Every structure is written in C-alpha cells, then in structure tokens.
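In the two complexes that follow, chain A is the common piece, with chain B as its partner first and chain C second.
Then we have the complex of A and B:
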C-alpha cells in the first residue's frame, strides 16, 4: 500500500505577527463587529424593523425551530380507515422486520369479517427504536408512518417511551407533511377498481 | 422391483409406489396440493405434473405408478409452464391476503406462488367472492376464498377419522367446501385438517392470530396424554416480548411416525399444549406453614423432605414409608425412584399407579383408554421385585388408616389433564404427604410439601407406549418457573439423604432396552 504524502507549507510568522498584540486587536475587532451588529439588529427586530435581516446565525430554540424536512422520520403514528377504525391489520410484518425488536402487537379477531384481523394492542418502545423506518416500508396497508414531526424525544419516565395504540392513532402528520399533500399514488389499476366495485 | 430415474437420480422402489412418492424418497419436491402421503391420491389439483419419457403428455406424479425403466423429469420448461398455468387458475379468485392469513409462512400456495407464478394477473372478469370468516365448528374456521378445493380435508374424514363430515358442493368456480347442511364440524380429530390443508382455508380458532408461525421455535416431544404416545412437534416462543398471555407454548402438532401415529393426533392431545403454561402449573417449591403452602427455595424443601424421610424411616422403619409412582413419569425417573427408594432405602410399599378406568373412551384410531403415557414402561422396568408390588388401592388404604406415615407421590395423576376438576385418587391421611408433580390438584390441600416437576415437553425421557414401543424424547423447552426435571429432583433428594445413587441408574434403562424405534 502506498501512502500519499503531502507537504504542508507553514506560513512563516512576520515580525508584526510575532508581536501578538496586533493580532489580538484584530480578533477583538471581528468579535466586536459581530457583537454590535447583532445588538443593533436584535434591537431593531424588537421594534419590528429590519425583520428580513436575521441576527446571529443561532436559532433561538425552542422559540424558533428549524423546519423539519419532508420525509424526516419522527415518532410513529398509526393511520385510521375512513370509518375511524385502525388501518393496521396486525399482520406482524413490522415487528418481524424491526431490527430493534421494539414493536409489540397483539392481534385479535375483528368483528368485521372483511377486515378479519386487527391490533388489540400495539406498542412501540420508542427509546429502543433506531428510527430506521423499516416498519413503514414493510407495512402492506400503509398503516404506520413516521411523519408526525415529533423528533424531540425526552420523557421523565421510561414507561412514557412506550407509545400505545390509541396514542399513535390520535397523532397527526406534521405541518410540513400536510403541506406536501397526500403521497403520490400509482394510477389505480383498472382491474383492481373493477374488483372493488364488485 | 422397478428402478426409475428422476431428474438423473436413480432409485429402486417397491412396485405400486407412485412417482411422487419415489421423488419424495429422493428428496425431490414435486409441488402438490391434493396429494398427501397419509391419504389416497386424488389427482385433482394437477400441480404435480411431470414429464415422463415416451409419454407425449405431462402426467400427474401422484397417480402414476412407477414402472421399471421410467425416466421422469420434473424441471423442464414444459413442467414449469404447467405449474405456472395451474397457479394462474388457482389465483384467479384467490384473495392473496397472506398478511392476515394464519397459514402464511407454511402455506404451499404461497411457496409455489413465489417460486413459479406469474405475478401480474391477466384476468379481466370480476373476481368471485365467497364467505370469509365462516365458522365450521368449535375449533375450525373456514375461509372459502382461500380454499383450493384439493379435498384433503374431505378425504381425511372419509379415510382416517371414518365419518364423512365435509363435502365439496357446486361446480366450477362456484364450488365450495362445507359441512353437510345444518351440521357443525365436530370430531375428535378435527385439528388435523388444519395441518393438512395446504392453504389458509381452514384455520384453528385456538391458534388463530396468537402468533405468526415464523416467530415460533419448534421442539420435538411425545404426547403425554394417553398410552399411544403420539409423536409431536411443540411450537413455542420463549421471547416474553412477543408472547400472548404469558404463554410459551402455542400449539402441538403431530410428527410423522408410521409406527405410532402416522401424520395425525387427537384433539385432546393437540389442545393439551395448554397444560404447559396453565395457571395450575406449580412454579416454585411449596412448603406447608400452618394452613398455607408457601413458596420456598429448592435447598430448603429438599433438606426438609430428606429430614422427614429419615425421621420416618428411623421411627417406623421402611414399612412406614409409601411411594406412589403415577405412570405419567418417564422411565428414567422410574429407574431413579427405584434406585433411591427401593434399592437404597429398602422401601417395599411401592405402587405404580391406579388401574385404568374401564369406562374411559377408546377408539380404533389413536385414543387409548389408558390415559397414562408410560404404564407399560413401569411394568417393563419392574419397580419392585416380582410379585411384591402393592396395588395402589392397598397403598392408599394404608395411608388412610395411618399405617403409612409418609407418602411420597411422583408424577401427576393421569386423569388430571382430562378432568381437572375430578377427585384426587389419594385419600386423606394423617401422615406426611410429599408430592412431586407439575400441576396443582385437590390433594395439594393435604400436602406437606409440593416439589414442582417439569412436564414431558420440558425434560428428556423415555416413554413406552401400550404396544411396548420405546420412544425417547428430548426437552423441547426449559421447565416453567423454578420447576426441575424429575430426575434432577431425585438426584438432589438422594444427595440430601446421603445415599449414593447408582451413577448409571438412568442410563441403565436405555441399555436394557436400546430404543427399538424412536421417531
């Protein structure tokens, strides 16, 4: 194996540089410049002026938040059918694929024979989850998504990390996801449509 | 003896065998739906088509008998094409709802679909819809859309269980499987049709939706609920995160053994899996304190039991101690018992269980009147020198009258699992009652100590069935809670009693009658 060497030329310090004081003053000048600029801009913002020019690059979290990119994986939610029942059919594809083994489902017999199987309980242990999104990919009926936009996960109690079925069913997609609109669908297959009408 | 060639492999088989059977022997899997080795061939599903040299058309492997010199090919383009076409027909009206289908993971249609089928449908007409969750009987639920009309279940009732219970009605795509009008599907062997149904049309209402089959581990064991000793597969899940109702075992299934149970088992045995995780299972050693039995550690209970046995032997001699061995214990346990109590402690009050109830049900298929799995084994071992064994009734009487001061009972009463509310065969007595068993019973109220033992699926052992067939089994899963295999309990007891157990005492058995056949 060959190792590529690269010679970095060191800058020779001049006499002024060696004097130290000059450079310190230069540095203070930069810091001070930013300080007074931000002081001015923040004050102006207080009076509602120059709003278009942001002050310091720091985001004033938690008052200010960075927009979460569409498709960013947050805490899970479960989707509902039009009649309000869970879309999930408790097929166990997601616990099967889950690399963290943090999805626990108990299946039950649905009163509707057309649905047949539904989740009696559906728990995700969020602090064990590695946010891989495999569960979303694996779901054959698009019943689970990670689009709630909830990315800050801190709780006072470990048991609060266990998201239950009803909690996840009550979650809504984040604003960004809503803006994006419903996910693109493949054009409905003519045959499927016919079958569904039957 | 005809010699035939299948896919270049040569095999000589006895005449009368069919091509599919010969292929199975060679380990060549020919896809099939209607053919089941335990049933007569029907030749109706056309899935097992193979090419035979000198025959112009494809033949069904399940109905074509082997002929000397036959050359069969199962992997040609024509065969693949035939399979694809058959699958296309089957899938016209099939719902392919594998995600919610309980058979998914062990479904033949699913396997063949992924292997041979064309994936996009060319069907333009409307699909035929049928009944989805249709309850056939107390244990079986039917999905007519998934049925491939292979008639395995129909033939099972005709040929194995002996009563026609199901039939295929109507014709063509309107055909459906059902019980005869107004009849409820009830049979002592119902569960088998769920096993043999190649698809998810028949599912077990008990197992349904509890687990996906790929989450289960499997172990092998012997059914302990009657003297037949059917070979079984134990499907269990030890991962407490995905257990339902804290159960580890979810089903028993028959394991093929031509000499004992073929491909079948009875429903009593099948649903007997519940006894493994039943609330009545004894999970830790129990010691009586006043009116209550309180859980204690193994060390304490073993010491206490040894102390009581020693005391009784000292004060009343071997006559004061009785040992009752229920024929539900394995041969190894019986040998260790004989070694400990008879050979070492000189106890002669030894009985090998109560006689068989002559009024119990028995049939000509599998179920035996004798509900104990190992009566024959205890007889073969000879727990006490010939002619000296005490009938259980006499032992119980001695106990009831107070002649026997300490009674040590090994194993569960065979009637317990069939009639959990039934009376205890052990009468009330004044002395010290020590029970070593797996499941709580009415006699516990009088017991001084209860030592939790493993159930057969949780320990190694050997049963001898009613025909004298020696069947060894290995532990499928670990004992529940603190329970220990019976041999281990006896070993610890021997240690505490400071008697040297013959180190080979449980191996001795296997040498005496080296397994003539197991599984």
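Then we have the complex of A and C:
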C-alpha cells in the first residue's frame, strides 16, 4: 500500500522578506485593495448600480437564508393519499427503528376495508430526534419524509417540540425539494421480486 | 478674555477628540468588515432607522453604563478605580500641544489654534505618553489577576522599549527645525526646498517610518498588542467591566487620534496645505491664486483634520492586516532594529546638516 504523501518545501526567508517592511506593505496593499473595491461597490449599491457584483459575502441571516441542499434532513412531515387521508398505515416500522425512540404512534382500525390500520395519533419528539432519517427509509409506504427544509428548531417550551399528526400532515416540502420533483423509484431487486411472487 | 478663548479651544479639542474616538469604534468595525468582504455591525436601530450601524456606539455606551461595575474582592479598590482615569486623561491631554491651525487674527487679537503653545511641546507629549503606561500597570496590578498583571508587565516593557526609539527618531527632525514647539515645527514645514514643501517625511523619511512604528507600539494595538493579547491573556483590563472598561477602551481610540495628530504634525506638515500661504496658493512655477484669509484658515484646519483621519484609517488598516508579533520578535524589533536605525538617522542627519551647512 502506498501512502499518498507530499513533500512541502519550507521557503527560506530572503533578505527582503526578513526586513518585513516590504511584506507589510504588500499585505496592506491586499487588504487596502479589498477595502477600496468593496467601498466602491457599497457606494454603487446605494445608488442602485452594479447590483450584480456583491460587495460582501455576508448572508444577512434571518432575512436571507442559504438555500438548503436537496436531501438535507429537516423537520418531519407526513404525506397524504390522493383522497386526503394519511398515507401512514401505522405499521410501527419507524418507531421500531428509531434510535432515539422518539416516535409515538397510537394505531386505530381504518374505516377503509382495504387498509388495515391508520394512526390515531402520531407524535415525534423533535428535540430527542437525532435526524438520522432511518424512519424515512424504514417506511414501507413512503408516508414520512424529512424534506420540509425546517432546520432551525428553537422553542420556548419543551412541549412545543412534540410534533403532532395534524401538524406534520399539514407541512409542505421545501421549495428546493419541489424543484427536484418526486424521488426516483429503484427497480425491485431479485429478492423483492421473489417476495412479490408469494 | 484669554481664559474664555482657552476654554473655547479646550472645548473644541475635546469635542473633536471624543467625536473621532467614538466614531473610530464604529469605523473599526465597519472598516474591518469592508476589508474582509463582510458587512459589519448594522443592527442597532432607532425606529427602524439604521444608517449603516452608526447607532452602535450609542448602544455600546448605553450597555456599558448600565452594566455592573465589578471590582475584584481581593483587588485594590482605589487603584482599580483610578487606573482607567489615568489611562484616559493621559491619552486626552497629549492633544493639547498639537496645533490644529495657524495663528489667526480675530478682532485684532492674535490667536494660535492650539490649546497650549509651549516651547517644550514635544517633550510634553513624550512625558504624557510615558505616563499613560501607568494606567496599564495600575489596572493590571490592582485587578489581583495573574493575566492582568502579565499584560501590565508586557505593557510596561513594551512601552519602555519603544519610547526610546520613538524619542530618538524625532531628534533628526529637531536638528533640522531647531525647535521643540509643535506650533513652530508645523510652521517651518510650510517652507519649500527644491520646489517641494519641507515636510518632515521628505527631510526625514527614515525617522518618519521609525516614529510611525513606535507610535503604533505606543497605542498598544496589533501588531504590538502584547499587553492585550486577546487570544492568549485577554490583557490588563481582564477584570474591568462597565464604563471603567469603556474608559480604557475609548482611551485607546483617543490615543490613536493623538498619535495620528502627532504623526501628521511632525512629518506631514500639520495644518499646512502644500503651496498654500496666508494669501493663497503660490506655486513654484509662477501660478498664483489669491484667497481670502478666513478661507485659507478653514482649508488649513480641514487639511489637518483630513490628515488625522487619514492616519487613523491607516492605523486601522494595519491593525486589521498584520498578525501579532511574538514577544521576542517585539523586543528584537525594538532594541536591535529600531534603536540602531534611529541612532543612524541622527548621525546621517548631522552629517547632511554639516555639509549643507543649513
């Protein structure tokens, strides 16, 4: 096995470098250059000019936000069927796999004879959740996703961290997720096909 | 009448210094932000009005005034309270001998635009900056905090080392202008040599550089901020809170203004505008523009203020560009580089004066 190594040569300070003064002036040139360029751009922006050239890299946080990358796990939401009933069939897969044990479901009998159960209540204690996304992967009917784009979770009271069923059903995917479109379905593999035959 | 005039001048001087000092706290944040492609403090607002964060100094003052004033129980109460006042007063008082304009005729009276035109102005400045280190030492010692004391000791050592080269670097200037009075030095820089204004920086380039470096070291800011050393010992004011901390803090900014005023006066002509005499512009190639006297004085006072602001800006630029020196580098620079260079400067100036005979 070869180790990927790189030899970095130390540059010896020349006579001019050791004087410092020249390097100091060079450094001042760089920072001063930034200063005047940004000052000019800021002034231009005040008059509404050259808006396409930013004068600062700052994102003014509460008003402006960095776009959340697609697939970034945020607060959960529950999905609905076409007819408006919750997709979840209360199979208890997600509370079983949840490493934080923060999903609490009470199941009830579904009025639809084709469906066995539905969640009477579905609570996720978000401040316990470790945002692992296992619940999303465990769900057999794609009823739960973490694509709301809500990543700042701050409340004044602990009980506000408990997301109820109706709250999660009312959440929408974030704009970035909507742009991406529906997730691709992988073709079932050999094992799945065999299971399907039964 | 004389007393009234003095009070007016003191009022003007303190107003100028404090305004600039407070503004510098804002400039420091904004300038560093603009240099680093950031936006900087812009959140303090009054009724939604933000004007580029200019209310931040107000908000700071309000915060500092309402904070608890903590005195360490094992510290020295009296000295702990005294130290910020020493630091602040000595910073402020140095400006008294710096002229901010020429002598003006006002209702038949000759008034010098300078609070105290004493013959030993330069010595006075060195005395005052020498005293200012007492603020640092007392603050560090009375806090009964090891880090505070460490900062104070560093401050004392640094101040001693750099005051030597600072004082020696202006001796060449004194040899040329033959006066210790700052008003006299500023006036002498209006003359011309070879068609150029006889500014200190032209006749004493080496002295100017040494003086400027030593001046930054005197203000105890990066790259010479060993006494503060924010990232290692927090500094001599580690046990200060509330407005006493505010005084130390504003004192530092006032010191920047004073040092800028000093550099401007000694090496950049003070209130002189190049080629502007009391009657208007007189250029060496024959062009003359006559100006009324009050306009000339106004331009000269504004020129002085502009120079002061420019050097404040330059010090900020340096502060936000360079890293802090290590302690041995600091001492080596002070004793092994600046001191011999300033001695060399004196010898060279002496030789030049000897051979040119002026």
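Here is the rule we go by: the second predicted complex is superposed on the first by the 173 of 198 C-alpha atoms of A that agree within 3 Å, B and C clash if a C-alpha of one lies under 4 Å from a C-alpha of the other, contacts with A are read in each partner's own complex, and residues count from 1 in each chain.
Keep this in mind: contacts are C-beta pairs under 8 Å (C-beta built on N, C-alpha and C of every residue); 3 or more make two chains touch, one makes a residue touch a chain.
Small disclaimer: the values here were computed from a predicted structure and weren't measured.
J.: Of the two partner chains, chain B (first) and chain C (second), which one does A:65 touch, if any: first, second, both, or neither?
T.: Once the two structures are laid over each other on A, A:65 reaches no partner at all.
J.: Determine, for the superposed model, which of the two partners chain B and chain C contacts more residues of chain A.
T.: Residues of chain A touched, chain B against chain C: more for B.
J.: Where does A:89 make contact in the superposed view: on chain B (first), on chain C (second), on both, or on neither?
T.: first
J.: In the overlay, answer first, second, both or neither for which of chain B and chain C A:117 touches.
T.: In the superposed model, A:117 contacts chain B only, not chain C.
J.: So, A:38: does it touch chain B (first), chain C (second), both, or neither?
T.: Only chain C is touched by A:38; chain B is not.
J.: In the superposed arrangement, does A:172 touch chain B (first), chain C (second), both or neither?
T.: neither
J.: Looking at the overlay, does A:128 come into contact with chain B only (first), chain C only (second), both, or neither?
T.: Once the two structures are laid over each other on A, A:128 reaches no partner at all.
J.: After superposition on the shared chain, which partner residues are touched by A:104: those of chain B (first), chain C (second), both, or neither?
T.: first
J.: Taking the contacts chain A makes with chain B in one complex and with chain C in the other, which residues are shared?
T.: Common interface on chain A, chain B vs chain C: nothing in common.
J.: Which residues of chain B touch chain A once you look at their complex with the stated criterion?
T.: Answer in residue numbers: 97, 99-100, 121, 123-124, 126-127, 129, 131-133, 208-210, 212, 214-215, 241-242, 244.
J.: In the complex formed with chain C, which residues of chain A make contact?
T.: Counting only chain A, the residues touching chain C are 21, 24, 27-28, 30-32, 34-35, 38-39, 42, 55-58, 60.
J.: Mind pulling up the chain C residues that touch chain A in the complex?
T.: For this pair, the touching residues of chain C are 31, 33-39, 209, 317-318, 320-322.
J.: Which part of chain A faces chain B closely enough to touch in the complex?
T.: Those in contact with chain B are residues 89-93, 95-96, 101, 104, 106-109, 113-114, 116-117, 140-141, 191, 194-195, 198.
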